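Before we start, here is the structure in question, set down as C-alpha cells.
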C-alpha cells in the first residue's frame, strides 16, 4: 500500500448534522432518548465528541429553523471552541402550516414569498457563520393526480432557485437535493437527479446536485449517477445513509456496504475525492444512541473509502481494456474483501487517537454525563 | 344488467375507522385541520356523516388506546343513536416507550407481557361493544441486521397469538395484518401474507389474514393473494388505501383504480363478497378534509365493486377455456371501462339518498358547524 | 364536448413497428404464431391492416438490420401503395457477436467503429425512405461492478452520438432512448431520462429523448418526466407498452390504464399533442395474435387520449389555484371515469370506418389468409 | 477460531447445474462461447473441473429435456468416473409449443396431462440416476388480467403436485420453486414463498420449498424467508445467483455479498447447514466464461459461509437480549468484515487443493483444450 493512500485517508472529512443528535422517529412514534441536546449549543457539543474520537468529523451542518439562535457568530465561535466548525446550512421549509401544499412551489404566491424569504435568511446565516454551502431539500409535491399542475410547479421552483442563486456570495454555493417520494406521495417536485441537474445547469457553477443515498427508486444504480454528475462537474456532495426499502435513514454502510464501496470507488475514480464534494451524514438514529450511531457511521464511510482507495487501478484498467469480465470484477472485489480495519486503527494511532473510537467514547463517560445533566427543557427533535 | 347486481351493490358494507377523522401526517409534519374531533364520541359523529350520505358505511372501527373511554357500552350506545355500530377493534402496541424494540416480539419478557395484556384488553372491549373482530397489526421488527434473532421473534409472536386466540369468544375472530416495512426498516416480524397465513393456519378458523392494499413490495400482484387466501378460507378482510410508492395511505382507488377493480373482481369471483370478508378503509387524509376524503373513498370502493359485478362471467370463462387471450382480457376490460356512476347514483336515489354524496355533504353545513364548534381541547391525532 | 376534441382525436397518429408483426418471446421461449411475416414487405402489409381498421396508424417503424432490403426506395414505395409510410428507423446494434461487451461504448475501438457505421447507415436509410426520425436504443452496459469504466463508456457514447448528430440532414432528428436495465444487469449506459437528456442537451435541437413507458424503475412517476421534458423542449416521442414488473412489453394500457391517461394528460397539457411528439408502439405480443394485439393497443391509446382531452381545464386550474385537493383530483377523475368508447366509435363511423375495429378485422378474413399462405420461409423474429 | 468451523467449512457441498456450462443469454441475444459442451456428457466433464479445483462441488443438477440421454444409468456411471454424481433433476415444462398458455395449469387438459407425464418421467430419471431431488419450477402464469382464472389454475397446480408427490419413492422429495415474474408478466402461478409453502404443507414432508435468490420482489428480505421456512421445516434448498434488478442470474455474491452472508447466517443459525438443505447454483454466465464463472461462484458461497460461521453467537445473543442494537449489529458486521480468504486458502491446501482455484484452473489448460476440440455439433444452450 502506498503512503499516498494513508495520506488521503487521513485527509478525509465527514460532516455530521446537528439534527442527528436530537430525537427522531417515524410517523408512528418518536422514542425519546436520554441525554439528548436541548439547544444548538448542546448539539454542537455532541458533534464535537464524534470528531474527538474519529478525527475526521470537524464540521457540523445546521438546520434552520431547528438551529435558530439569536447570534450566529456566537454559535460559530462556540463551535470553534469545541474544535469544530459550522458546515452546510439546511433550509427547512416543510414544517410550517403554510407549507401544507408546498413551499416554493405552492400555488399561493404569499406562501412562496415566505418560503423564499426563509431561503434567503439561510444565506444570511451562511454569511454570519462562514458556511459556504446551502443545502436545499424541498418536501414539495402533490399527493393526488390533478392536485396541482406539475409544470407550473417547475416554473415556480425555477424562479425561487434563481432568486437564491442571485443572492449567493463569493465562495458560496447551493446543493439541490432530490428525492423520489415522501412526504409527497404522488409527484415530488425534485424527484430525481435529472431534475436537480437540469435546474442547476441553467443556473451556473454555484448550483450543484447533492446525492442522498436513500432517495432513489428501487434498483437505481447510484454509483452511475455519481460518475455521471462528476463527469458533468455537478456533484456537490452526499447525504449518506442506508436503506432497505424507502428513505429508511439507517446508518450509512449498514444495509449494503458493497454499494457504499462502489459509490466511493466512483468518487475516487472520477476525481471527486476532494474538498469540492462534501461527505455528509443524514440519518435518523431512531433506536440506537445518537453519538455512537454517528461514530459508527463515520467509521463505515472511512472503511468504504479505504477499500475504494485500495483498488488496483492499473490492473483494473488492463482487465477492462482486454474485456476480461471476471478479472476486472475480481480486481474490484479484491479491494472490497480486504479487511481495512487494522489500517484505519493504525492511522488513528498515528494521529494520536484511540484505535477503537467506539470503545474510547464508551469509556469517556460522556453519555453518562449528558444523561445525568440534560434534564428539564425540551429535547431537540426531528420531524413533526 | 340483472336486478341481482343492483341488490348486491346495495348490500355492500364498508367500514370506516375512527382515526381517519383525526389528524394524520408524515414523520415530517402533521398538518392540523379545522373541525377535527377531540374524542371518540366526536369521531363517531363524523363517521355517521359518511354513512348518512353514502348509506353503505354503517360501522366504525376503533383503535385502542386512541379510543379509550371509561364506558364502552356507552360508546356503543352512542354509536347506535348515530345510526352506526362499533366495528373492528384495533390494538395499538407501538406508541408506548416500552415498545421501542417491539411489543409481542420484544426480547424483554416484561414488555411482551404488557403487550399481551393490551391485546387481551382489546378482546374485553370487543365483549363490551359487541365487536366481532380484533385487528392485529404489529409494528414489531428490527432496523439492523443482527439487532435481534429473527426466529426467536417468530416464537414469541406465535406464543402471543396463541394466547389471544384462546381468549376469543363465540363469534369473535382476529385478523392478522402483514406489512413489508415501516416502522421497522430491516426485518418486519409479519412482513408478508405467507407469514400471516402460516400463523393463522396453525391457530384455527378464528384467525384470518387481513390484506392492507398498501403493505406490499413493489410489483406484488395483490389480487393473486386475494384469490389464494379465499381458496384457503383465510381471507378475513381488507384495509383499503392507495399507494404509489410505499405505505402512502392515500384514498383507495386514487392511485390505481384498475388494480382495485381487479381485487374486487377476485373477491366476487372467489366467493368473498359476503359478510365474512370485511371491507375497511385505512387511510391518512394528510392534505384533504377528513369526512369528504372518507366519502370519496367509500364511493371509489363502490365503483370498483360495481364494475367487478358487471364482468360477464360466462363470456369470460368461455374465452379462458378457449385460450383466447385477447378476448378474455377484453371481457374484463369491458366491465372496467363502463361508467358505473349513473348506476350508483340511481341506486342511491332508490334508497332515498342524494345521488351525489359529496355535494350533499358539502351542502349540509356539517363541516362549517364542526369547524366552528370544535375549538379548544386536543384534536385527535394519528401517529407520534 | 367541443368539436375541437373530435377534431383533435381524429388527427391523432400512432406508429406501429415492423417487429411487432414478427415472433417475439422471452429468454425462455419464443412461441411461433401462424401467418407471421417472412420479410419486411409482409410486415408492412400487416401494419397496413392496423391502419385500415383504425385509421390512425399510417406509419411503420423499421428496424435495421431486421428490415434490411436491397432497395429502400422500393420498400417505401411499397408502403405507399399499402396506404402507409415509413416511420422511424431503429438501429439495432445488439445482436452481433461483436457487441457482447457493448456497441458504441465497447472498450474495443474496432467494435465502436462498426457500431457507428451501422448508425450512419441508418441515416442513409432515412434519406432513402424519407424517414425523419432515427431511434437510438443501446443495449450497452455491464453485468458486473468493475467490468468496465462507467465514465469512459459515457465518453465513448458522447463521441458516437456527436458523430451521428453531425450526419443528420435537414428535417432529421434522433431520439435517444433510456432503459433502466436489460440486457445489462449492473450498469446500463443510458439508464434514465436524465442521462439521455444531458446528452441531447449538449448536442442541440435535433437530439431529443424518447420515453419507453416500460423502461423505468418501480415507482417512477412517468408523467412527471413527460411534463419536465416538454418544458425543456426535449420530448421527442413515446415507445408505448405496459408493464407490471420490468420491461414486460405488454399491450399499452393493459396494466395501468390510469397511468396511460395521466401521461396523455401531461402531453396535452404541456403542448405535446402535436406532430413533434411521436406516439409509437413498442410491444411484444408473445401470447396474443400480432395484428389484433396492435389494433387493441392503438385503440387503448385513443381511449386514453380521448379522456385526456376531456379534462375540464378551467375547472382544474380553478381547483388547483384554490388549493382544493379533492376537487382538483375529482376533475381529473371525472374525465378518466368517462366511457369514451361511444365517442370513438362515432368518430370512426364519421371517417367511414367500422366502429368496432377488432370485430371488423376478424371478419375480414385477413388472418386466415396469411395463415394459409405464409408457409415456408423463415418467420420474422424479434430477439435472439 | 474453533476447529469446528474448519471442519464445517470443509464439509460444505455446493451443486452446480449442467445448464450453466451451455450457452445462455437474454431475449435480445445469446452470445456463443468457445468450448461449450455439445451433450450432457461434456457438461458433466466441465462440472467435474469445478469440483476438481474447489473440492466442494461434487454433484451436478440435470435438466430434462436438455439432458435427455438414452441411458441414464450410463450417464450416472460417467459422472462417477469423473468424480461427481447426479444431483437434482429439474423438470422443464416451458419450451414446448404446447406450453404457451401454461403446463400443469394450462386450461387445456391435454396439455396438463402431457406436462404431468413429463414430471413423472423426471421421477423415473431420479430412480435411474439415484437422484433424491426433483426441482419444480413452473413458468406458468398469465400476461393479461382476465386471461385465465387465477384460482382455477391453483386447483390444477394442486392436482399435478399431488400426482407427483404420490409417485415419489423412498428417499425422494420435490422442491417447489417460486418466482415473482418472468416469463409470465401479470400473474405467476407460484409467485412467492407463501404459495409454494401452502402447497407443500398440504402434501407432506417430501415437499419442500426452494429459494432462488433472484426470484423476489424488490425489497424482499430473503433471510427472513429462510429463517421462517427453517422454523417450519420446509426449506429444501437454494438456487443461488445474484440480481440488481429482476431475475438477472448473475454470479452469486456479486451483487450484494452482505445479503448472501445474512442468508448464510440464517441458514447456520436456523440449523439448516446440513445435507437436508441443498446449496445449488442457478446462474447464467452470459458474458463471462462458464467454468471460471462457476468456480468463482462456488468460492463466493464458501466465503459467505465462512463469515456466517465466524459470527460470535454468544456475544450476539447477549447483545440481543440486552437490547443493545449497535453492539448486536457490530457482532454481525465483525464477522462480515473479516477477510476469510486466507482461511479458505489454508483449508484448500490442507485438502491437497491449490489455494487459488481460479489460477489453478487457468493454468490447467482445460479451457484451451475444450475450445480446440469441441468444434462441430450443436452447442448446448439455455433458453429459447
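General remarks:
By letter and in written order, the chains are A, B, C and D; residue numbering begins at 1 in each of them.
Basically, a contact is a pair of C-beta atoms (placed from the backbone, for glycine too) under 8 Å apart; a residue touches a chain by one contact, two chains touch by 3 or more.
Keep in mind it's a predicted model, so treat the numbers as computed, not measured.
Listed by label, the chains that touch subunit A and also subunit D are B, C.
With angles rounded to a multiple of 5, the C-alpha fit of subunit B against subunit C returns 180 degrees of rotation.
Interface comparison, B-D against C-D: more C-beta pairs in contact at B-D. Separating the centre of subunit B from that of subunit D, both taken as means of CA atoms, is a distance of 39 Å.
One inter-chain figure worth recording: subunit C and subunit D are separated by 37 Å, centre to centre, where each centre is the mean of the chain's CA atoms. Shared contact sites, meaning residues of subunit A that touch two or more other chains, fall at 101, 143-145, 147, 180-181, 186, 218-219, 221, 244-245, 254-255, 258, 287-288, 325-326, 329-330, 333. In the complex of the two chains, the subunit B residues touching subunit D come out as 101, 107-108, 143-152, 154-155, 180-181, 186-188, 191-195, 197-198, 201, 216-221, 223-225, 227-228, 230-232, 258, 262, 266, 269-270, 316-317, 319-321, 323, 325-326, 328-333.
On the side of subunit A, the complex with subunit D involves touching residues 218-219, 221, 244-245, 254-259, 287-289, 292-293, 296, 303, 325-326, 329-330, 333, 336-339, 341, 358.
Subunit D meets subunit C in the complex at residues 24-32, 94-95, 97, 99-101, 139, 143-145, 147, 180-183, 185-186, 218, 243-246, 248, 250-251, 254-255, 286-288, 383-384.
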